[in-house]
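Paired with subunit B in one complex and with subunit C in the other, subunit A is shared by the two complexes that follow.
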Partner chain A sequence: MAAVSSVPPRRRDLRALLVIPGALWLLAFAVAPLAILFAMSFWTSSIFGTTTDLTLDNYRVIADDPIYFQVLLQTLRIALTVTALSLLVGYPMAYFLASLRGPKRGVFLVLLFLPFWSSYVVRTFVWLPMLGRNGLVNAVLLQLGIISEPLDWLLYNEGATHIGLVYVYTLFMTLPLYLSLDRIDRNLIDAAADLGAGPFRAFFRVVFPLSMPGVLSGCVMVFLLACGAYVTPQLLGGTSGMMFGNVIAPQYTVTNNWALGAALSVILVIVVFLCLVIFGRRVRLNDIFIGG
Partner chain B sequence: MTIFDEGRGREMDRRSFMSGTLAGAAALGGLGPFAGAVAQSTEMTALMVNAMLGPTLKPIVEEEAKVTIKEGAFLSGTDTVSRLTAPGGARYDLMNSSFAFSHPVVMGPKAGAERVQPIDVSLIPNMKYINEPSKEGIGERDGKVYMIPHSWGFDSILYNRDVVPDNDPYTQSWSLLFEDKYAGKIGWWDVAHQMLMAAGLYLGHAEPEKMDRNQLGEVAKFLISKKKNVRTFYTTFAQGSNLLASGEIAVGYGIVPMRVELKKRGFNITGAWPKEGVLSLISASYIPKDSKNVSAAHAVINAMLGERYAKALSDGCGYLSASKFAQENLTDAYKKEYGYGIFDGSVKHYQLKFPTNMNMWIETWSRVKSA
Partner chain C sequence: MATLAVTASAPLDTRQRGERARRMLLWAYAGLFYCFLYLPILLLVVLSFNDSQTIGLPFQGVTLRWYEEVLGSPEMLRSILNSVVLGVVSAAVATLLALLLALGFRQEFPLKGLLMKIILLPILIPGIVGGVIYLVFFGFGEVQFGVWTTALPVHITWVLPFAFLTLFPRIHGLDRSLEEAAADLGARPLTVFRRVVFPIIKPGVVATAMFAFTLSFDEFIRTLFVIGNQRTVPVHLWTLLSDQMAPFLPAVGVVITVISMLVSFVGFAASARAGRAH
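Presenting the complex of A and B:
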């Protein structure tokens, strides 16, 4: 506050102009698309095209059919589980990275990023030859004599969707965790040790609480991304691992029902926003989006 | 000092890297329009079953029509007509899909409501060679032609003969795609129209496209009860072919080009001839109103009815040409293999027609998928 008030009023006005590019960007690429989406959700679509005739029918269709609600619940459940699993996988990795020094850290960071230099679809697709009926896992298990028949349940179900999503989103969990852990003052750990805390106690009483901004940031990012997942459940989920994105996408790409697709998207946006609001009541938004 | 005190000062490197990458991307993006302009002169865009312009077929068409064809990725007839009516226009110079299914959308409800432009038949001299059964696929109104057939195709059940023996009675019916015998080995194509038509035929509906809400509800109930047998859905023909080729599924809804392609690659995959009838289609071409290369579109339609293309079509992708040239000197075995019995009635088929209430069909399929 003190720093701001020390700036002469005229310079302050000029600095305010710096907000304009960002605000325009947000207006063009965030507010406007959402506004169009919202408006379109009240339009009328059929296979013959979309018209701007206003109707509540799209929301009526969604309200009348419990299936949409069930898929939405399933989506939130999967997103939550994926977030928890990503945290379990990402935390040790981030801790390990943050504890490294010198060139080793750079090497391991590159290794962490390496798979992410390929496209999302390729990274998802790679699980098919791994988990498939004639895939790598089954081949190894058969070779070792652990199984006599290939396992069918490794792929095309909710479990496979989880594996795929955790794999593609782990980086979004690991990076904020790593940044958060990297900022922790080592003297605090030394002080905890001096006061008699063992490594585990020091971790749970000092390191973990101090890394909470990274945990929150990672969890929110993974949760948001997982809520909107489409490719992974489409490729790996089979008939049971579907998510809300798989209900929305065909409305645009297959059936030309843009208005229903928009209504479904609006509902997903609102639900995810509400989740954020509820979450935001317990933590500051700053903690979530900039890792504290 | 921090416990993890390395790694600082790399921010600039990362930023430099990012800005360098963005600059490179921007530079490439800047070149894009120029590159497009250079290659535009004889180029035209087409959306049709990609196998119709497969490796042996596309060169014939391009040579005869003297154009370069850029293909879009074909998903389904539903997707094709959706693109035709999409806000912003079709963005293809030429489109092609099932006549009976697409006709109501392409032609619109009345004169003047057509979503495509009339075809100048004087530029299609090969039209006179269209065989008798295929003439049904000419879309005319008030003396103007809007749709011209070029081939027949049919959808059926593809199965792996290593898993499903040819003499299994299930191969004689659409039951193969639904019933429990091959549970866990079945794949369904994620398209409302075809899947509900197949299920409707199997459940005894003589004209499945006319099913009302209750009948569709019954079909949905049946499909939901059989979903447990399904290993996965697939959205593209390539995905379906991969599933069959990799052994992930042994039975799946499929189009003829999938069968032909898999056979060529050495897989023991064949198609069933269900007693309820294969789902047939007359593939018809039409020129969207916003076509930017109308003359090329006409030339391609003509080439696809020409002798060279007609004779190469079945071997190339399994479709049956609408041209009289295609049926010259064919052996009985060849005719049987490719289903030429559709023309003389010896192969039972039912045309994929546009449903009375397509939106209801789409809702029904969404329910089946989500259940």
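Presenting the complex of A and C:
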């Protein structure tokens, strides 16, 4: 991006017109739906359907019932914890991949990708037989004699939501981390060592700062995905591991209160975009995705 | 190993010993990580052969009847067909739109920064909201929900930013002097594209289309809200999961995973071959 903008336009180039079909498509199917959602959050839903009568009632309902605010806070907390956990789990893994040479690296990269070539519905579902009452974890613990009765609390709580989300999104953290670690010039690390930096100092003063683009883009990606999660908390979270998505969806699938659902969605979008703006002050949005 | 493993300026043998210890730690960690990644999947495969009416352990003998049940179900086959068709068409359209966008983005034009943000919009909208906005949008427009009417535009829009982000760096990094040389030699713009630009970026285009296909094939949350009473593969699995904990569910999961992986492998091979051809 930066390179493009720094080149002064020589003449009006008609090839820029090539963006028109894509731009029109996005206006019709990305911008317009978002605009309608925003408008609908001020409309009125009743048992007879949704009408365009303007009202602030939807937001009033949300403000009056503390449960919405609580779930929103819980969602942000879970998303942040999942982001931090993913970073902790993913960083050594990315470091490992970047340290490999030759065909070994290709093999382990493919091994990392392989599970993500399946739908995240499947990737979430696999944790039911892992953590369930007659699941693998219980079977192993029983076998080892550590417990005498199967544990019931492994599933359907916040912990299960965390495990599921870290599992489902770990590629989105590990991959940008790996890409940025791979780009680091090894001479810099050798130089740090030659100048007397021990391994830890060299890591925290040289490697980690240089991998910041990957850290940021991985964190933003996982945070975004986790904020909009629905499947994982729905399948694994029970009532205590509930997230905002599980409050929005029933407005459409159960109560048919489209206007309230729209207001809740608008709130989630605004909160997520605010978080992005805060991040965006430190790193340019485009670089997060393109620059990994 | 060598790239990032940091060496201290201590005497050489302790330095080497420290490095070897760090390497072993790294390998041990990688082992744990891959266990975390693969254990649940292996368990799913094992359970899909388990001759038991409940999903879970203990293992009570091998059976193929869950697979017979799954592969004999017309609903499952219809969802596979829907998913494949959606994937192919949305990958083709999204890759074409993304290619045009990426080519246009090499020039300066007004509102370029804004358009970039709009391109990212489908990714930035939280997943659940991504489903809701299309339900509201098409519902309000009274469009009949279905694979072609609503799911297809939703898939194209969802896949488009990823296709653009994969293509843009490759097209942006293209050496302009080749095109200028061709133009100086009298080639018309379309000829320059067909004979010079496209052959160079073709592997990237193929890889992008494959990536787009898998994204569409695995898409769930946006599809769920707009597919009406039709089903794609992930939606089918979800419906089964919500309805009942049927003993054949692990087999469904394995079948879906195998299809996704096969397609991705074919895509991988195709893009690698396209890459070798040039």
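Note that the second predicted complex is superposed on the first by the 264 of 292 C-alpha atoms of A that agree within 3 Å, B and C clash if a C-alpha of one lies under 4 Å from a C-alpha of the other, contacts with A are read in each partner's own complex, and residues count from 1 in each chain.
The definition used in the following text is that a contact is a pair of C-beta atoms (placed from the backbone, for glycine too) under 8 Å apart; a residue touches a chain by one contact, two chains touch by 3 or more.
It should be emphasised that the depicted structure is a prediction, and the values quoted were computed from it without experimental measurement.
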| item | value |
| --- | --- |
| Touched partner set for A:Phe48, first subunit B, second subunit C, both or neither | first |
| Per-residue touch tally on subunit A - higher for subunit B or for subunit C | C |
| Which of subunit B and subunit C A:Gly145 touches, first, second, both or neither | neither |
| Partner chain(s) touched by A:Tyr120 [first = subunit B, second = subunit C, both, neither] | second |
| Touched partner set for A:Pro250, first subunit B, second subunit C, both or neither | first |
| Touched partner set for A:Trp25, first subunit B, second subunit C, both or neither | second |
| Which of subunit B and subunit C A:Ala192 touches, first, second, both or neither | second |
| Common interface positions of subunit A, toward subunit B and toward subunit C | 50, 98-101, 128-129, 132-134, 181-182, 184, 186, 189, 258 |
| In the complex, subunit C residues that touch subunit A | 1-9, 18, 22-23, 26-27, 29-30, 33-34, 36-41, 43-44, 47, 54-58, 97-98, 100-101, 103-109, 112, 115-137, 139-140, 153-154, 156-157, 160, 164-165, 168-169, 172, 189, 214, 217-218, 220-221, 225, 233-234, 237-238, 241, 249-250, 253, 256-257, 260-261, 263-264 |
| In the complex with subunit B, residue positions of subunit A that touch it | 46-50, 61, 65, 67-68, 70-71, 98-102, 105-106, 109, 128-129, 132-134, 152, 155-156, 181-187, 189, 234, 238-239, 242, 246-247, 250, 253-258 |
| Subunit C contact footprint on subunit A (complex, rising order) | 1, 3-5, 7, 9, 13, 15-23, 25-27, 29-34, 36-37, 40, 50, 89, 92-93, 95-96, 98-101, 108, 111-115, 117-122, 125-130, 132-136, 139, 167, 170, 181-182, 184, 186, 189-190, 192-199, 202-203, 206-207, 224-225, 227-231, 235, 244-245, 248-249, 252, 258, 261-262, 265, 268-269, 272-273, 276, 285-286, 289-290 |
| Touching residues on subunit B, where the partner in the complex is subunit A | 1-7, 10, 75-76, 78-79, 81-82, 85-87, 105, 184, 190-192, 227, 230-233, 235, 246-248, 358-359, 362-363, 366-367, 369-371 |
